[in-house]
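Worksheet for the structure shown next.
Lettered A, B, C and D in written order, each chain numbered from 1.
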Amino acid sequence: MHQEQPPVSGDTVRLKLRRIIFGTDTKLGRYFDISLMVCIILSVALVFLDTVASIHDKYGEWIGVLEWGFTLIFTAEYLLRLYCSAHPIRYARSFYGVVDLLSVLPSYLALFFPGASFTLVIRILRLFRIFRVFKLLRYLSEGNILLRAMIQSGRKVFIFFFSVSLIVMVLSAVMYVVEGPANGFTSIPKSIYWTIVTITTVGYGDITPGTNLGQAIAALTMLLGYSIIAIPTGILTAEISQEISRHKDLRRCSNCLKTGHENDAVFCDHCGSELEKEL
Amino acid sequence: MHQEQPPVSGDTVRLKLRRIIFGTDTKLGRYFDISLMVCIILSVALVFLDTVASIHDKYGEWIGVLEWGFTLIFTAEYLLRLYCSAHPIRYARSFYGVVDLLSVLPSYLALFFPGASFTLVIRILRLFRIFRVFKLLRYLSEGNILLRAMIQSGRKVFIFFFSVSLIVMVLSAVMYVVEGPANGFTSIPKSIYWTIVTITTVGYGDITPGTNLGQAIAALTMLLGYSIIAIPTGILTAEISQEISRHKDLRRCSNCLKTGHENDAVFCDHCGSELEKEL
Amino acid sequence: MHQEQPPVSGDTVRLKLRRIIFGTDTKLGRYFDISLMVCIILSVALVFLDTVASIHDKYGEWIGVLEWGFTLIFTAEYLLRLYCSAHPIRYARSFYGVVDLLSVLPSYLALFFPGASFTLVIRILRLFRIFRVFKLLRYLSEGNILLRAMIQSGRKVFIFFFSVSLIVMVLSAVMYVVEGPANGFTSIPKSIYWTIVTITTVGYGDITPGTNLGQAIAALTMLLGYSIIAIPTGILTAEISQEISRHKDLRRCSNCLKTGHENDAVFCDHCGSELEKEL
Amino acid sequence: MHQEQPPVSGDTVRLKLRRIIFGTDTKLGRYFDISLMVCIILSVALVFLDTVASIHDKYGEWIGVLEWGFTLIFTAEYLLRLYCSAHPIRYARSFYGVVDLLSVLPSYLALFFPGASFTLVIRILRLFRIFRVFKLLRYLSEGNILLRAMIQSGRKVFIFFFSVSLIVMVLSAVMYVVEGPANGFTSIPKSIYWTIVTITTVGYGDITPGTNLGQAIAALTMLLGYSIIAIPTGILTAEISQEISRHKDLRRCSNCLKTGHENDAVFCDHCGSELEKEL
């Protein structure tokens, strides 16, 4: 995102701040990102712990104070981002801009519209803040390999899930007729819930087949789930294998042009000159 | 299917309709297929929602009306297919012809033989209609890779399931003797149901071992299931890997004859001429 | 086994019988093996169904008659094998010889020592008969690939299971201290049972953690089980991949000596001469 | 560890003992390691069995005597190690030195501070002793392949678990709001426990969604868990594949320098000279 912003002559403080806040290539920039991440995780942990009745009764007020602290930090950060961004309006409209605003807005709204369940939903909105951390992941080549493999296998996995959902629907309808409301299969949607619980091998046991025929069909459903679990694994494994070997080919020695180096190689194993560390 | 039907001179309307209804290579043909798929999914969703007691009580009559609407659409479609097919009788006898008939027939039969459970079974028959959608999948190369990999690994997976079913039978008999009817293992078939629930790692918990020896054998069964889950995954992954690399080899550049292009490559990486988009 | 038996001059009936009963290369030999397999499966199915109380009450006598029928068939088969084997004593002492004897002996013993539970254990012994069917599998190249892959990965999987059992023991001891008898963790062996149920993702729910700390450790155990499930899959997949590509190399064209043919190839893709069908 | 210790002239008994106790390259050294491992496993098994109430009541005293026996053996071993080590202080401070001390100290401490729950925690500390066995594994090339594959895939797996934990937190917060304390989701930490139980497909069934919306979200969570289980498998499989083929390349024939031999090959398949057995 920061590459798109051309350097503005003069106003060097703004320029420096921009590199720190939006960039990840300076030491201060990385400290900023890491301390922000810690703040996000701590503020989310606070929201989570506040839902535990015993903790809320004891430390409820302290948690409230700390939360306002985090709200002020995030507000300051949002205003700083608006100030030092080259295109403030473009930033405010971008995905991360909206996420940043959503993470502070709720706390202020809660001042005007107090109410237990409403505040709760608002607090959870802050969770979206965590997704900013993904920005960091983009710079890791490992994340790229995973992401590319997932995109490559996307169409195959879609066809797989489409086929599975057809099978789930047929099995759910059959189980609804065989078992009926007496054994907990009160409707076909409920029966679909049971089929997914079974085919994914979760198996809560809140709804279980009671008739002999139902148990036989359930056993077939399990064996089906057990064997089709192999398909997405197979697809993804094949794609990740390809991505890893392609990644190897991308690390080309600048001296002798040899490719195919190990992932953890520091020197070219042909001529001994140093390799680039990260792609 | 449509390739087998030779063009009949004259009767251009019938010819055009045939391309739209049976083919997928025209824009209208694809619209027809997609809108048909939407109708099938909606009609199936209606059948599913109608089994929820609260929805049936409130909107039961509206659902009945909508279902008759879908029945009429599917009837019109069936008659159109019969009319524009080059070999109407061959179509009527084909797999899809029978499925198409079965999806409309039940609603008419329900007029003459009214009855709750009977209508229910009939409605579920319409589910088979969904399988027509698979026809579309045949044209996706991703589907072909999966299908070929599955056929290739078919014999290996059969041997695997044969061996597993032997182990399941031995374990079931042993658990029946060890645990007995007192702990829910009332018969060997019931014990087989338990073994499948356990070996597939579903684990409902409706039948659980109560004796120490039984729990030890159960633990072994789980570890067995946990490790043999690797076998079908391994078989399929190896075959999918081969299919993907074979698929790559099939994309041959028409200019320089180079193969081995990436799945998402648009141009040949050797001579720069455009590649065919789909196999 | 049959290859070791040298042809005995004269006594051609015995020689022919041997080829049929021990061999699988004649048409009659294959029919014999298949009908024997059907008999074994039917007799085992009878034993299983007889344990269902309602079926035993209704058809118990018929099942008894049928079982004696199967016992007589298996006895005749055992005597035939003894008669036509080149080395009767060596056969009688071999693994399959003992299994064949064990499958008929119990029924005769039951005549002299009648008793419910005793007969039951005896009947289950017949299950071992099924393992003869594995003899057939040895002739399938697919079975060989799987078997070789499993032997190759044997040592790696052993190290894996050794490490897992260490982790299971540590976790079990910790959970026993944290949860204690009040939550069903009455002893460390019981705690090991729980850990295996959890780490294999079976999750019966007959013993579940009740304390907050216990639930946190349980969550870690699950995530551990979820991620280490990848290890045996990875080992076996890598080995199966190697076996499949080695299998390809073994199909050498007898005309042009080219290897690397597809598994389902009938003709050499280089010179067009026919390939051997099975390894 | 033993390579770092230079030979001390004179004192040949100490030198010999060092080779036996620290080394694994002599026959006696291997016997020593194996008998030590058996002692560790037996002593841990005793601690485990002692927690079973019925066994403790019957054989409690005998177990106490045996445990003192093992404590004395381990004490003697620790003193021997201190005596024959080239750098006794360095050994005492090393990881294995501390583990060795921790395995004997508790029993002596229990003499001065008797008490049920305290002794229990102490006894479990001995479990750490088992980790010494891992030292042996380092010498197995199979263990190296697994270890290297795991280290190679470490960063990818970390990114995977980081992403999964974000998804788990969002899903937990949503389920807490949707289901609420009435259905067992008493707090978000409890809700996280449920999400992990579900996403890892363990599925105890101690907390299950009760509302329709909750069951729909639960079904999505399961399908998510079912499909993302493929990712660590894919990563590890790809890395193990690479490690196995690299391992093959390392077995170089000392005569003709050919690499790429099968794992179980004894002779070079090119020139017929014997290969090294282990790396």
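FYI, contacts are C-beta pairs under 8 Å (C-beta built on N, C-alpha and C of every residue); 3 or more make two chains touch, one makes a residue touch a chain.
Just so we're clear, the structure is a prediction, and the values are computed from it rather than from any experiment.
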item: Chain whose average C-alpha position is farthest from subunit D's own; value: B
item: Equivalent interface positions on subunit B and subunit C, same or different at half; value: different
item: Selected pair, out of A-D, A-C or B-D, that shares over half of its residue contact pairs with A-B; value: A-D
item: Cα-centroid distance, subunit B relative to subunit C, in whole angstrom; value: 30
item: Where subunit B and subunit D are represented by their mean Cα positions, the distance between them in whole Å; value: 43
item: Junction residues of subunit A, two or more chains touched; value: 189, 192, 201-205, 229, 233, 235, 237, 239, 241
item: Residues of subunit C touching subunit A in the complex; value: 201-205, 233, 237
item: Interface residues, subunit C side, partner subunit D - complex; value: 152, 155-156, 159-160, 162-163, 166, 169-170, 172-174, 176-177, 186-189, 192, 198, 201-205, 208, 212, 215-216, 218-219, 222-223, 225-227, 229-231, 233-235, 237-239, 241-242
item: Contact footprint of subunit B on subunit C as seen in their complex; value: 44, 47-49, 51-53, 117, 120-121, 124, 127, 130-131, 133-134, 137, 140, 142-143, 145-146, 149-150, 157, 161, 189-190, 192-193, 196-197, 199-206, 229, 232-233, 235-237, 239-241, 244, 263-264
